[in-house]
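Common to both upcoming complexes is subunit A, partnered first by subunit B, then by subunit C.
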Partner chain A sequence: MEIIQTPSASKHDVLTGLLALREKTPALENIFDAFSPLLKAQEDGRILLEKWSDFEIPEADALRFEQGVPILAGMDMPNLGNFFPEIFWTMTTALAKGMPAIADKVTAIIDALKDSDSLNELARSVWEEDNNAIEVFAKDANVDIAILTILGSLSLKPFMNRMKDEAAVEIENMFWNKGYCPICGCFPDMSLLKKQLTENAEYMAGHGGQRWMHCSCCDHQWRIKRNICPWCDSEDYKKLSYLQSEETKTERADICDTCKRYYVTIDTRDLTEMPDPRIAPLSLVHLDVKAQEEGYEPMAETLWNSL
Partner chain B sequence: MPKAFFVDTSRCTACRGCQIACKEWHDLPTTATKQNGTHQNPPDLNASTYKLVRFSEHRIDGKVEWYFFPDQCRHCLDAPCLEVANGYVEGAVIQDKKTGAIIYTDRCKQLKEDECEEVTEACPYNVPRRNTGTGMMMKCDMCIDRQQAGLIPMCVKTCPTGTMNYGDRADMLAMAEKTLVKVKKEYPRASIVDAKDVNIVYLIQDTPERYYEFVTADNSAVGLPMSRKNFLAGMTKPAKRIFG
Partner chain C sequence: MNISRRGFMKLAGVGVASISLSQLGLDLSPVQAYAAGLKIEGAQEVISICPFCAVSCHFIAHVKDGKIVSTEGDPDYPVSEGSLCAKGAAMLSMHNSHHRLQKPKYRAPYSDKWVEKEWDWVLDRIAQNVKKTRDKDFKTHNAKGQEVNRVESIFHLGSSQMDNEECALVHQGVRGLGLVHFDHQARI
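Moving on to the complex of A and B:
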């Protein structure tokens, strides 16, 4: 069984990939300039957390998992130590740098929390999705709750990414057919259609592309059926369609008219290089715009498809 | 990182999809031909056929073996045709740094007919052909226009059997080595052709001469003290010195 697998790490670092994309699509320069500090900060966080191992992945229960419960669901927040504050401040600086329009609100957060020793409490509130606790935290510090929540979520992502590789090993022999991540339960920010050669096929090697979803939170990739909506599981082919520009046939927004949700897709079968899914969605914002204009909502809210 | 093809001829069924797709993409005309007693059609590469599936039929140990070879420019790492052509007209042939593709530029038209013949002679794989109408030298350009747009070459896109593979050179060489181990179990004479010299790396399942004359550079060195390729590359050096 090879339904779930984590491809090897990208050969290129995030910044190199962003520069290449920026060169390829100069019309989106502003988008890249706004979000590249954040993506770089995420990568720096991932590198920093190579030293972090104070966590234990829950043992996978095949029955529970295969019924659709992600492996990390219900897991208590591990001890994040001093890593969380360090990543939080890196992320704060990156957000202020990339988005000058909200820099004053970010500066207010820096001023209010710079001497705080309770940042890990913020992490716990975000981990447990305890909105009341986040609200109390924001009120006590007198800061913008929306931006604080964004910063808390962004700062937790590198931890999810760090745990992902070990969690993927736990579930590698199990079956998963859901549209949300088998590890952390988040919805995908994009999908990739990949050509897969069947080595043992005697003559023909199929041209059909396998659909691989990319998790918007932990960066895991998993394969699902192509004829299903990852959000509502609908297989009604009359309501599953996609939006595509005439010029670029390798990129599209897959839409579902049952649940009115969409996600962006890159068909990699004809591409010379495999896109880096950590940054590729940035280059597809025109499809986000189009899909949202048509009345569809994104499956995973990201900074670039929601701000 | 330079790009390469891995052409696994053990998977080729001679459907000629690559040959047709190449013509379609490059908008090349058909070639008048006739029945020659073989399915190989047209009989040879020409100025409007950059890719040709060659057929060769043998009876080996009482069993009929039919070998197919999708022939094309090998995009040599150190291309003799480039040396010869540029000896006469600087910039006639260039090597694209990003992909490693050997590209014939419009300046090839400035080459005289006999100089074009020298370019073809210099090729250890006997690939380039001259368009007698335009005077242009023609051959596979590795679909450089597609690659610059981030798309894989047309023959690779079309191949339905997994014969044509494209990717980073290191990955293609690794794929070739892995496949060779598998193919050798059934075809012990199988080998990888000239991998260290070219970017179009072929796996053949029998000895080169059972396919055709110019499968390997070394195979065409008949009567020469060194390989044909090295010999011809050496021949061009004085011309290079004279013409700059």
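Moving on to the complex of A and C:
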């Protein structure tokens, strides 16, 4: 029987986790402080959506899936009901609170859309990546398009997270070896090296770390091979390497010289507690800085690694 | 439906690329100073094979500046799934041990001393001895007068790392010389 260390995402709320990270790495405290309202808003969104069930996960076609098509690829946006506006407004407040420098732009969005009943149209434009529609929406409301898009994107993530648990059940017995998420198709914002514990062979030493990728969008985790680039599938070991500080041997940035992409990794095998992957990438921004200084691009562009 | 891998939902990145942390009002100087103060170095992971037994477990060698700095079991190797026995787990100390032979050594007949030799010299010496022994001992017929065309004075032992195809190749090679005594340790 295979036992994999499980994430402790539900063990603590994100604010408790961020507080612990803040104490561990004070140099990053302004980043933790800026993002904590947003991460709390996303956690609140996830809790709110426990009541949402107005969606149907597409039936998994093993042949199609195992050729690399995520289960939610091409899915029409489900009925988000009034949940989307509620999460959107929570997110606006959180963004303004965490990043006061753009509070005026967020306030302009609140003022322009507070009486709007078309927020779900914004959700659809973001879902479908219809940049023209987002542009028209922003122009009509006379608001900043970049901030509006970020808010729309952040507000949709709790919905993806809500759907991923049911989608994961559909694909649990299928094979997936891609570097992007088998559920939503997004690239990972980090990976975790995890110890495999076996019931009957505790005497066996070594415990090579299995690589588990964490989706930057829906929070799903999936396993891929150690010696492959999740972005370009290169297995050329001469071009796959990692950057690591002598001070923190459990953290590293994995880089690929074929595609010049990178992702951050935490080796959890010797940690007493599994990191919460919803917040852990924030604690590795110094590795983002180093990797980007060396000319590599992140696999998943997130708000905190756009330097 | 577009099934290009770039065509899936990219909600994590939508809109993000157009705005940076500094545009969001964050002061990056503390994290930049922190990153600059860290001694960050590059390393590679190279998959290799444990030399000890016929299971041939894969292990991952972490290589920095051309030197192995640590090893771990390869979790993607289907037989052992990342576990290593006590010998395999001690790969790094075996690799760095001063007892480890890194060059061929030769002890001449009747000598009590080992002398370090180059691979070319050793391979030539083996080939010469094989030929000399075969030429001397090759039997065309056995005691009953039956045609056998064989060499009984050479034994070939394969390694634990040989797979079926390599064994088949070696089998053909030694059979071609007329050898009848050969075996190998591999069970993979």
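The working rule: the second predicted complex is superposed on the first by the 291 of 307 C-alpha atoms of A that agree within 3 Å, B and C clash if a C-alpha of one lies under 4 Å from a C-alpha of the other, contacts with A are read in each partner's own complex, and residues count from 1 in each chain.
What we mean here is this: a residue touches a chain if its C-beta (ideal position, glycine included) is under 8 Å from a C-beta of that chain, and two chains touch if they have at least 3 such contacts.
Not measured: the values here are computed from a predicted model.
Within the superposed three-chain model, A:S306 lies in touch with subunit C and out of touch with subunit B [touch as defined at top]. In the superposition on chain A, A:M174 contacts neither subunit B nor subunit C.
In the superposed pair of complexes, A:K290 makes contact with subunit C only, with no contact to subunit B. The larger set of touched subunit A residues comes from C, when the choice is between subunit B and subunit C. After overlaying the two complexes on the shared chain, residue contacts for A:D270 are found with subunit B alone; subunit C is out of touch.
Of the two partner chains, subunit C is the only one that A:Q196 touches; subunit B does not reach it.
Residue contacts after overlaying the shared chain place A:H207 against subunit B and subunit C alike.
In the superposed model, A:A108 lies in contact with neither subunit B nor subunit C.
When the two complexes are overlaid on their common chain A, residue A:A133 makes contact with neither subunit B nor subunit C. 198, 201, 204-205, 207 are the residues of subunit A that lie in the contact sets of both subunit B and subunit C, per the superposition on chain A.
On the subunit C side of its complex with subunit A, the touching residues are 1-3, 5, 7-28, 30-35, 38-47, 59-60, 72-76, 80-86, 88-89. Taken together, the subunit A residues at the contact with subunit B in this complex read 24, 197-198, 201, 203-205, 207, 250, 269-273.
Here subunit A touches subunit C in the complex through residues 25, 27-31, 34, 68-70, 72-74, 99-102, 126-127, 129, 134, 145-150, 152-153, 156-157, 160, 178, 180, 184-187, 189, 196, 198, 201, 204-211, 215-217, 225-227, 237-238, 240-248, 255, 285-287, 289-290, 293, 300-304, 306-307, going by the rule given at the top. Across the complex, subunit B meets subunit A through its residues 3, 11, 13, 147, 150-152, 157, 159-162, 165-166.
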